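Pasting the structures here.
One chain, chain A, appears in both complexes that follow, with chain B as partner in the first and chain C in the second.
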Partner chain A sequence: MTATTALQAEKVAQRRQVRRISDKTIQTAFILPTMMLLILWNIFPLFYSLYLSFTEYSVITGTPPRWVGFENYRNILSDPLIWKYFALTGRFALLSVGLQTIIGFVMAMIVRAKFRGSGFITTLILIPMMLSPVVVGKFWAMIYNPTFGPLNYLLGMPPPRGPDWLANPQFALWAVVLVDVWMWSPFVMLLCLSGLKAIPEYLYEAAAIDRASAWFQFWRITLPQVAPLLMIAILFRTIEAFKQFDVVMGLTGGGPGDATELVAVKLYRIAFLGRFDTGIASAFAYIVLIIIVAISNLYIRYLNRLRGEA
Partner chain B sequence: MARFEEVGPRSPIIESTRVDLVHPRARLGVTIRAIVAIVIVAIMLFPVVWLALTTIKTRPDAVAVPPKFIPYFPDGLLSDWCMVPQLNKDGTPKLDKNGQPVLKERAECFDVTLEGIVGLFFERRTLTPAQQKQYMESPEFGWADRILLKRGLVITGPSDFVNRFRNSLIIAGTSTVLAVAFGLLAAYAFSRWDIKGKPDFLFFILSTRMLPPVVVTIPIFLMYRQLGIYDTHIGMILLYTVFNLSLSVWLLKGFLDEIPKEYEEAALVDGYSRMQAFRKVVLPQAATGIAATTVFCLIFAWNEYAFSLMLTSDVARTMPPAIASTQGAGGLEWAIIATASMLFLIPVVVITFALRQHLLRGVTFGAIRQ
Partner chain C sequence: MATIELRQVEKKFGQLHAVKPMDLTIHSGEFVVLLGPSGCGKTTTLRMISGLEAVTGGHIYLDGRDVTWLHPSERDIAFVFQFFALYPHMTVLDNIRFPLQAQRVPRAEAEKRVSEIVKMLQIEHLLHLRPGSLSGGDRQRVALARALVRRPAAFLMDEPLGALDADLRESMRAEIKRLHITNNATTVYVTHDQLEAMALGDRIVVMSAAEIQQVGSPSEVYYKPANLFVARFIGSPGMNLINGRYADGIVYLPGDNRYAVPESWRAPLAQSLKDGEVIIGFRPESARITENGALSARVYSSDMHGAFNMIHLALGDETNIVNVRVDRWVTYALDTPVRFDIDPEGVRFFDPRSEKALRRGGAQ
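This part shows the complex of A and B:
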């Protein structure tokens, strides 16, 4: 039946094409604005910074870019510190995305049940992600403060006993992770919830009739059904973790020493502080971009496989 | 022949009356979940509550040791609890000359002040103690002036807060509308037609989200300077539109994928043109997805910091860099920063609450297959 409807529609549409705008025109008109904007604001800057990455150039000096070939890339890749920062960013991404996934999923499982005010409570939990990252960084720095901050006080460690979370190289990365998790677990929760809401009730009914245990229902129904949306949440959060900049700048500025020097912070430092090494910054940015694209590609492959099976 | 069941995205969820769900034990489970949910909200919102409390603190109270949690109004709400009699060494209450007990503030308490909000809207200058005394006696100052005079400050003129806030409204609002509109059109095209190289296009659109802002800032900065749109509203609106497009296309495509094609085909058979079918059939169906996308785009554009910091200086500067650079003479003015942050948070919270019904159903990324 559907097939015939489609066929008829096609015929009618073909007849109409004489008088009305054709689908082809609509297609082009619909995609064009998006493509134009993306090309102007993304392709152009991308090619321009690709060019700059092969030059020695600084935006603050008046001298034009000088072609140096692969020298920038060689310098960066042979710098052991850069690898340390990449490892640090990887650790940060793993910790914060991992914790966000677990906490977000657990929160979704809890507020999933309908009770009075559950919609309201769900929206309240979303408030942290509505805050500006800069504000979040600034205010958490106050909360972490070892003298007047409320955190140590609530933990029962009034000054001078409590640790200075942000000045201690052992804790600083964890402090940043905690803030990121606080801010973005709600996002994971939201995506998980929309996955959970879409699970057809009859699956659970069938399981209940078969007297399947709650554990079995979780592993065989809930988790596989939510997996695609969970993967999308993880994908977006991983990309963001590699770009993490605002919160770290607000909290620690990369310190103490270089304990929280994530790649985005380092990139900012090369590009906009000190010598304004635009050339080296561009090369470094390209390396970061390639890594993010590679990771995203892996995720999307896996996601497509998940969807294919579902 | 036909599919077993054709469930549209907006079909009602049929409540089941399964025995195992109305059993007392299941009901108890829901109660426990509700309690746990409330505890989670309390933990998650603690930093926001702290922010809210800081807005009504005086400058010394904001950084008091130990931190102060309980606001009170002098001679009003909670003041009975917060003001306790001071004790002598032997445990008897200390009395003043008139035989009244001497009161002191509990360590947890602070009195409510509007210093933060007045400080946010006006520029201030520090006075010498002599000037302060003289100004305090002068009748020509209004209530706002008096709040600051008590702290030895005088208002010198309006601050640029209103201007920054208006910039944020214009830039974030317009760019959100544009990103959702363009995103919807593109998502519809990608969802309904087989376009050559579609997966590559879509990955390309997503990949624009992967760029660290610092990478594109330098070329965009140079480009904007050439075009003369550095530090203009239009420049920032277009930039935010582009950076929201990737999310907008992906979210909306996922949602449109779930609206059965047959709806429009039926409309086409009934004599609608493609545009009419899009407007009258698809748009109402996509309302939920559009609402959810709007919320996400707004949150990003409203809160964006790095671009605004590097591509504006004054005319088009938005709130986030302005909040970040708020400083007082000698140390941070936490009350002012907190007030700015809270006022800045309100519009997004209001819109999210207004559209909250759509948030859950609207975020599917096409991952839910009927």
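This part shows the complex of A and C:
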């Protein structure tokens, strides 16, 4: 035993001598490039934009950033228009995440039952999630189109009778919500499905013996058992909703007027259109970031509580 | 408390019988154990009684009511699962009152019943824990509490002690026995452990190969096995079984041994056996080693069991081993020639072709 370990140690030592570098060096050599890229692309911009958020600066003017303290933040937070966009984004998140949760969960409950072709149907349902959001936006813009889009035909309102969904300030947000729900309900379904499938059958057997009705079983067993995964799905979708950009750009570009001007779209407009207000945009981005982190924290706390109970 | 009746109940998976058509009546207040090796259909039978498994033939009656096609929740039975099947996301208290809440028992009444059960099983200190943090024994107590709190017409238990450690099993066995005596509830209990079956059952239903082999009290299945399977399966070790040939009141056994058949058995043997081939059976404690015993053998090996020693004797060659139970201070050197007798009350005879026990009174 000791002899073999000694032999092994010697072999390792020999190999080291040939190599002439320690394990630690090799570890560092492998990690270093990743670290460098991470610092270059993620950490540095994070702190640089934090710095820029306290300056007056535009990337296209060539003048260096001028320190203005909290003025950018003060201006943004006192702008009623910005608050309107936040409220709009909140409404969008509430509507789309709410609908996705309900639809995704119901779909998972349906697909959960094994029937002929259920696997194939599950795959079909997942397709929207795999498409590029811009493509989805562009296609849905065509579907919504009042002159040649199929939606109004399907609703029994051939042109010129049907409404122009995307040009109508009353409907535009709902139109965006609908596309987001179409695209991302499958994601919620997928997570719910894995949660549902993990519920052991014997719990339902025990519940049947305990004379629980199907409804009672759903509320007391199915829902609590899926809750942690459902919460993760909701967390992901809420974060995504606050970052929603590409589908909106593909559909409405924030219009009509500012009816679908979500914060991410507004941010894009400040940063890369008109005056390229880099400083203001950075401050705005930080405010959005803080809000997302705050919301995520609430969810995660709730999730941990669920987990602690389970 | 309820009477459970099975009439020609069967379960087929495709062409394969998991349970062949069986008849069984479980009387009110009785503790019946379904005993058999794994895969014999005992758990399937229990699950069919509960309604968790659908029958493919026959009828099940609970107190005369045909429940064959009723959902488990409509049968008023409780089921204790082998792996407890507690609700992992609920506290012990919520687990126990789940069946009461499911039935909308008024809160005050529910509280009262829960506290009674909890006191009886001595699990008051666990109420606010979750099943995940309980020991195996405590989980089973909670599972029992959940079953008891409903006051069902009958209890079905599927190897409830199977997942517990050996020493805990002993004490939980005593607890279950005591619960049954105090509640006098009709209980059907599945196990593969014959000691458990002996200790608990008012009656034991021995099953093998998807059918009932014997139904009887523990002492009946032990001392009067209906066939070779029961004789081998019950007891550890099982019954001694030796092939012989019967003629004129004598069974000729290996090693030139002649066993004089007790008077009361001669007529049945002469009537039942066509060519004289017979299997003689006796329990290890029914044999006695004495200097002038009728049968001769030699000591093959011996082992200690604490309270007694077990001597293995070779009758003739080493293919016929007989186990004899002796006092714990009795030992023999290997290959010692010994003589032994069989207690005439403890001897049994089997027909090697039908594998069934012969009965005094002629019939098999």
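Please note the rule applied: the second predicted complex is superposed on the first by the 270 of 310 C-alpha atoms of A that agree within 3 Å, B and C clash if a C-alpha of one lies under 4 Å from a C-alpha of the other, contacts with A are read in each partner's own complex, and residues count from 1 in each chain.
As a working rule, a contact is a pair of C-beta atoms (placed from the backbone, for glycine too) under 8 Å apart; a residue touches a chain by one contact, two chains touch by 3 or more.
None of the values given here were measured: they were computed from a predicted structure.
Chemist: Quick check for you: in the superposed arrangement, does A:L193 touch first (chain B), second (chain C), both or neither?
Modeler: Once the two structures are laid over each other on A, A:L193 reaches chain B alone.
Chemist: Using the touch definition from the top, say if A:L46 reaches chain B (first), chain C (second), both or neither.
Modeler: first
Chemist: Of the two partner chains, chain B (first) and chain C (second), which one does A:E205 touch, if any: first, second, both, or neither?
Modeler: So A:E205 meets both chain B and chain C here.
Chemist: For A:S213, select first, second, both or neither according to whether it touches chain B, chain C, the two together, or no partner.
Modeler: After superposition on chain A, A:S213 lies in contact with chain C alone.
Chemist: Would you sort A:D79 into first (chain B), second (chain C), both or neither based on which partner it touches?
Modeler: neither
Chemist: Using the touch definition from the top, say if A:L124 reaches chain B (first), chain C (second), both or neither.
Modeler: first
Chemist: Comparing chain B against chain C, which has contacts with more of the residues in chain A?
Modeler: B
Chemist: Give one of first, second, both or neither to describe whether A:L267 is in contact with chain B, with chain C, with both, or with none.
Modeler: A:L267: touches chain B, not chain C.
Chemist: Show which residues of chain A both chain B and chain C reach, each in its own complex.
Modeler: Shared contact residues on chain A: 205, 208, 310.
Chemist: Which bits of chain B are touching chain A when the two form their complex?
Modeler: So the residues of chain B touching chain A come out as 1-3, 13-14, 16, 18, 20, 29-31, 33-34, 36-38, 40-41, 44-45, 47-48, 50-51, 54, 62-67, 69, 182-183, 185-186, 188-190, 193, 195, 203-223, 238-239, 241-242, 245, 249, 261-262, 265-266, 268-269, 271, 273-275, 299, 302-303, 305-306, 310, 319-321, 323-324, 334, 337-338, 341, 344-345, 348-349, 352-353, 356-357, 359-365, 367-369.
Chemist: Which residues of chain C touch chain A once you look at their complex with the stated criterion?
Modeler: Interface residues on chain C, with respect to chain A: 50-52, 71-74, 77-79, 81, 83, 85-90, 98-99, 101-103, 130, 146, 150.
Chemist: Could you pull out which chain A residues touch chain B in their complex?
Modeler: Answer in residue numbers: 1-2, 5-6, 8-9, 12-13, 16, 20-21, 23, 26-27, 29-31, 33-35, 37-38, 40-42, 44-46, 48-49, 52, 59, 107, 110-111, 113-119, 121-136, 138-140, 142-143, 147-150, 153, 158-159, 182, 186, 190-191, 193-195, 197-198, 201, 205, 208, 228-229, 232, 239, 242-243, 245-246, 250, 263-264, 267-268, 271-272, 278, 281-282, 285-286, 288-289, 292-293, 296-297, 300, 307, 310.
Chemist: For chain A, which residues are in contact with chain C within the complex?
Modeler: Within the complex, chain A contacts chain C at residues 202-203, 205-213, 216, 220-221, 224-225, 309-310.
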